[in-house]
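Think of it as A, B, C and D in the order they're written, each chain with its own count starting at 1.
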Amino acid sequence: MLEKEKKSLKMLAHKYESVRSQSLKLCEPLEVEDYSLQAMENVSPPKWHLAHTTWFFETFLLVPFLKDYEVFSRPFEVLFNSYYNGVGDQYPRSWRGLLSRPTLATVIEYRTHVDKHIETLLNGKTTSDICFRIALGINHEQQHQELLLTDLKYNFGHNPLYPAYCESVSVGETSENVFTFSEFGGGIYEIGSDIEDEFCFDNERPRHEVLVKDYSLANRLVTNAEFLEFIDDGGYERPELWLSDGWNTLFSLIKKEPRLPLYWFYEDGCLKEYTLSGAQEILPNIPVCHVNAYEADAFARWKNCRLPTEVEWEIAAGNQSKKGNFVEGGIYHPVPAMTSDIDGLFGNLWEWTSSSYSPYPGYKAFDGQLGEYNSKFMANQLVLRGGSCVTPQDHIRLTYRNFFYPIDRWQFSGIRLASDN
Amino acid sequence: MLEKEKKSLKMLAHKYESVRSQSLKLCEPLEVEDYSLQAMENVSPPKWHLAHTTWFFETFLLVPFLKDYEVFSRPFEVLFNSYYNGVGDQYPRSWRGLLSRPTLATVIEYRTHVDKHIETLLNGKTTSDICFRIALGINHEQQHQELLLTDLKYNFGHNPLYPAYCESVSVGETSENVFTFSEFGGGIYEIGSDIEDEFCFDNERPRHEVLVKDYSLANRLVTNAEFLEFIDDGGYERPELWLSDGWNTLFSLIKKEPRLPLYWFYEDGCLKEYTLSGAQEILPNIPVCHVNAYEADAFARWKNCRLPTEVEWEIAAGNQSKKGNFVEGGIYHPVPAMTSDIDGLFGNLWEWTSSSYSPYPGYKAFDGQLGEYNSKFMANQLVLRGGSCVTPQDHIRLTYRNFFYPIDRWQFSGIRLASDN
Amino acid sequence: MLEKEKKSLKMLAHKYESVRSQSLKLCEPLEVEDYSLQAMENVSPPKWHLAHTTWFFETFLLVPFLKDYEVFSRPFEVLFNSYYNGVGDQYPRSWRGLLSRPTLATVIEYRTHVDKHIETLLNGKTTSDICFRIALGINHEQQHQELLLTDLKYNFGHNPLYPAYCESVSVGETSENVFTFSEFGGGIYEIGSDIEDEFCFDNERPRHEVLVKDYSLANRLVTNAEFLEFIDDGGYERPELWLSDGWNTLFSLIKKEPRLPLYWFYEDGCLKEYTLSGAQEILPNIPVCHVNAYEADAFARWKNCRLPTEVEWEIAAGNQSKKGNFVEGGIYHPVPAMTSDIDGLFGNLWEWTSSSYSPYPGYKAFDGQLGEYNSKFMANQLVLRGGSCVTPQDHIRLTYRNFFYPIDRWQFSGIRLASDN
Amino acid sequence: MLEKEKKSLKMLAHKYESVRSQSLKLCEPLEVEDYSLQAMENVSPPKWHLAHTTWFFETFLLVPFLKDYEVFSRPFEVLFNSYYNGVGDQYPRSWRGLLSRPTLATVIEYRTHVDKHIETLLNGKTTSDICFRIALGINHEQQHQELLLTDLKYNFGHNPLYPAYCESVSVGETSENVFTFSEFGGGIYEIGSDIEDEFCFDNERPRHEVLVKDYSLANRLVTNAEFLEFIDDGGYERPELWLSDGWNTLFSLIKKEPRLPLYWFYEDGCLKEYTLSGAQEILPNIPVCHVNAYEADAFARWKNCRLPTEVEWEIAAGNQSKKGNFVEGGIYHPVPAMTSDIDGLFGNLWEWTSSSYSPYPGYKAFDGQLGEYNSKFMANQLVLRGGSCVTPQDHIRLTYRNFFYPIDRWQFSGIRLASDN
């Protein structure tokens, strides 16, 4: 093995170790009971996240590549398979909160068991396929770290005791940040990834040319204060602002009056929101969070703007540094914009785009069972870009495509406006 | 205070203490994670049962009767209120499994806090109303002890690991027990309760005359072997055997083919059932358990019999001793009949009757907020009689009326046949 | 054949003819389009009623008893079978409104065809079984005449044009009728039917003794004015007045605020109700109509009364004449009480009882396929007594037991109060 | 007025008349009962289509532009408003089948009334806005002509009598048509419309440049024979072929085994399909019809192909003549391909594309209330192209964008395969 490869392998092993231990670190504030919460089918309990990410390494690395490996537990093959039909049956998704057994202790044991064998695997003869799958597993685990916090917030959000996951961090109240647009010229650009040696998901490939018209992009995310203006102006009661599917689902999605973003509520006449630090006052300059794509679109229409396409976003973000409010900051909540230049494209909040989650021209899904990772979801979903305050910083990329249904609100999702010039 | 009253009060305090500690004892085999399970709206997590029974004493005794008492926690007033609209709001029933907080430790603390104050209350000046409410609270807690186990079985039943709550107890395989009927003469009888000094629920009162025709009652419960004959004879596929509501719900209730009682399943071609001791072979002479009233009725029709009325049951049981297979036996599963005489009316399994759960003539509900305890459920439900293998023995009475919807299968419910002479 | 039998047969043939033609007469005010309406699964289109009653005679008389009879149409055997599993498959109930074909003309042809053959059958050698089945078919058709109007009202009730089936009949506004109770002494009574020669349904047999306590029964039905008092007193918002199942379904059943009986609505601030004569003002002295058993029970509780049992009703009605406001009167709407004596037990409105629809002791269902007529519905339903303004007068009997689910509101159902003495 | 304008206005008036009378002509084979059918929320009864298209002219032309015009009926403003919130309230969509009144006769009267006044309007002083709206109304009515037949098929499809709307037309059984691909070179193309004087919908504008890679497009639609191969190869049981949303909805959408395209069924072991000429044998060379986008996508994946984008379709169709199997042919069913060249892009069947229904860059919705016509549906839907055998020929255009949810199967929709070169 070349020195370079050795070094790269060492780095991979190191990354594996640090990401795996980060998952447990994120769970430190939890009580044992918190590990089993599942308040809707879309969210999974922390314990399940811990086990499923482990199952991923076991299933796609140890089973096929480590000689004589015996699975930790036969039933786990079904219990912790998320959606890989090619691998086998799956325990019903909506029942994940019913798995009091295996206990947390057993799941930790499972993690240790698999980590030990992954170490063995990496100390043996590795191939590029193995290294790719390790990298994929690491990125997969990072995705679940974000989901673990996002889901936890949703679960805790059903508890009137408003449990706090973390201390509240004062972000300092900033003066109102001016709202401006930056203009971008049209033409042929390239988006997507073609870097050989760097990990990315199949859905980011291939790098390809796109044709864009002139457009403008807001310098910062829409704030709570701005969204409150929309509400006060009857935004939630004016069908002309809404996509038909958004309007029709509004009544089933938000039953309580007045309609508000997820986690917002009135207490003693005072508007508050549930955060991972517990119930908090709504601060005006903080970006509005936990709106779905219909709310984002209605707000944009109200402003005579529109949502950006993912192409427009990627072009604009190409000039930006990847700094921002990520999970490492330990805030777990959006922070106000700090500059009047276009900024904050990375971190803080996932930004809804108007782009449907579709394959890039020439797209090839990952091979074999791993082909189910991304490609089968390319219907009915929209792309979100840039990462959020619960995303690991080194997980995000310029070309990264997150995707959710337009109706989904439990992600840390916000609004950046765009318009034609 | 008279000596008799003192003694009676002392007995009550002792009963309080023993029933309260029994609730915790029943939880000893549980893992912390098990305390939060809720697999359907009808079942509650063990932790919730522990807290709600405590809330009952706090709400109906400490708050109104103990001077200067301060509630342990304001939010608990809502979180652990089951269905008392007269008391106030209730946390949504279907969300009880989402209460990771308060933690188990806090709930135990809550129990200790309330127990201490109940002790204070009982050491002070008591009234007959206080004593009655203590007795009601004790009986209420016993009902929840049974539900705690019944619900736990349902929750564990969703876990393919088949968690065992207890060791399996070999009940000895008995020889097939002859199936006979005992005849009872018609006439005017009295049922219900009018005993002043003994606790009973409002729904058991008043004692009143009933007019009955001659009838026969089976000497024992229907067995697994007999129910298997029904299945093998196409019982689940023959609409002529079924009440219309039963037939119409069959397809939504039991989706898997072949249709079977709750907890029965095929594994490697072998018919098994999930029990609180884990997955077990189906033993032929054990009474069939976890059937709903429609299944019980269809079986009876197939046998050219019918279900008994609650009047017929109570008349027959009037001559029987209250011995049987109760929770104290630690078996948590039905056992075979031991004699060919009519027997086993108490314990083992709740016996479905054809009687709708209605008020007795002259019925008066408990006063005030406690009026909601029983009376508002007198619609659409059927009476079950006799207690089960998870009922506390000293909780059951000849006149005891349990009630569930005919569609319910998760109770320890079985079939005793009756017929006209 | 004896002269008496001949006469009886002639009367039967005559009755057949008159009831069959009455069905068509009831349809005279309809437009062709009205014949296919089905606004919920529980109601059937007029055309379907016309065809199904014909299918009944064809299936249970012509096919088994008329030599060489060929069915009018093979597909009709499925299309117009309501719920007789013993006969064969059934077209889905909720799709009955989708049968634009066969056209009305064809259904009329079907009726003529079957009538002609029934005439042939009755002119041949008859048996007591044939005569019984003819009588059953006649009574069956009368039931569907009532349903035809009841269902039509429900269907028309979805049309904001408020179509009128008939002219409005002024019933004369009466002075407020005093509300009193009549007392009845307890003891052993007989209810049910044992008359050999007179038709009745199996569920009315056998005549049998019942034991009753002293009770009182209201002299008349509850009026609109009284029910409005209940509403104004917050009756629909006070859970303590409601059975739990009633309270829980209230919100899904009646979505609009304020909650009101079925067919009531506000128009320009004025309270109205839809009737078969179109939208009308709510008259205070008219009995309140289209309430379900939960509303009836809540009203009774609010009045410190209760609903009568069917036994209490039958005992009281035993002394009453069968005169009243029936379909022949052509009013199709309840009328005010005319006397301060106990009255109006027959006709006007079906009266909810608290009695679950259960078999009488010693009950035997009709033989064979006809056993499905009544017996399979003996679960979850309540008995209503006395007939209504859309019941044919000669269809009703003292012992007649109608039955619907407590949640049902589309029948012409009202409230008569009872109480313990 | 210029001669040219006069002529153009005359043509418009003529077009109005011919399209309006065509709607009635399409209804000639119907029985009165057929006019009210509505088998699911998505379909509307013929009578409703006839009234709604009339409402469109009344609301958007007569009310704003014809002096002193009085609406035919106030309630019709609500009854026949489809989804224009800007205009006012709407009668619930799922209740359209309950409108037995107004009768067909009244709706015809309504049409005559509006036609007469439109004539008056067109004989007066017209503006370009009026002319545009007349053209829009005409195109709108043509869309509903197609829906009238499409919906009728769905409604009739629930009737086991398989009503025939028309005579069966023998299309001649062709020899198997070879399946080839045509290659198209990549580059910058223009799609969409910018023709000033010709009517098109707002969603087709503006004409704009697109960037395309090389691709191939199938010369003809997928046939029944080919789709049967897919079924026989387990296509409906292999999750790896399906988009996740398609796979998850498959079980709720198609309950019967074996899974088949809409309208296909087995009768006496023989595979048939319901057509507007009644039940017919499945012919192998006829294009497969009534598949949804998930079925189309799964089939494409099975063939190692993909669905085309709408851009790819429009580029390819740019060279084709607009001849084909349209509604005027009176076949109302797809016909086999007649040539081995690329053909049949127009007519026969709507062709699913993989393109989400999104606004073109620079898109502007119609002004005012008419803005709701298209733009609010730009979420969750896919574009279909080319028209079908029930589309009026002069309604279709190269740039025409039809749109439905990927789950919809009741449209005349088929599959044309594409692939990367």
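The working rule: a residue touches a chain if its C-beta (ideal position, glycine included) is under 8 Å from a C-beta of that chain, and two chains touch if they have at least 3 such contacts.
Just so it is clear, the structure is predicted and the values come from calculations on it, not from any experiment.
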Checklist entry - To reach chain D from chain B by way of touching chains, what is the minimum number of steps? => result 2
Item to check | Chain of greatest Cα-centre distance to chain C | outcome: A
Item to check | Rounded Å distance between chain C and chain D, as computed from the means of their C-alpha atoms | outcome: 46
Checklist outcome for this item: Whole-Å distance, C-alpha centre of chain A to that of chain D, is 38
Next on the checklist: At least two partner chains per residue is the criterion; list those residues in chain A.
Outcome noted: none
Checklist entry - Within the complex, which stretch of chain D touches chain A? => result 83, 85-86, 188, 208-211, 213, 239-240, 242-247, 293-294, 297, 354, 356, 358, 361-362, 371-372, 376-380, 406, 420
Checklist entry - Where on chain D does chain C make contact in their complex? => result 31-37, 39, 47, 75, 78-79, 91, 95, 97-104, 155-156, 158-161, 163
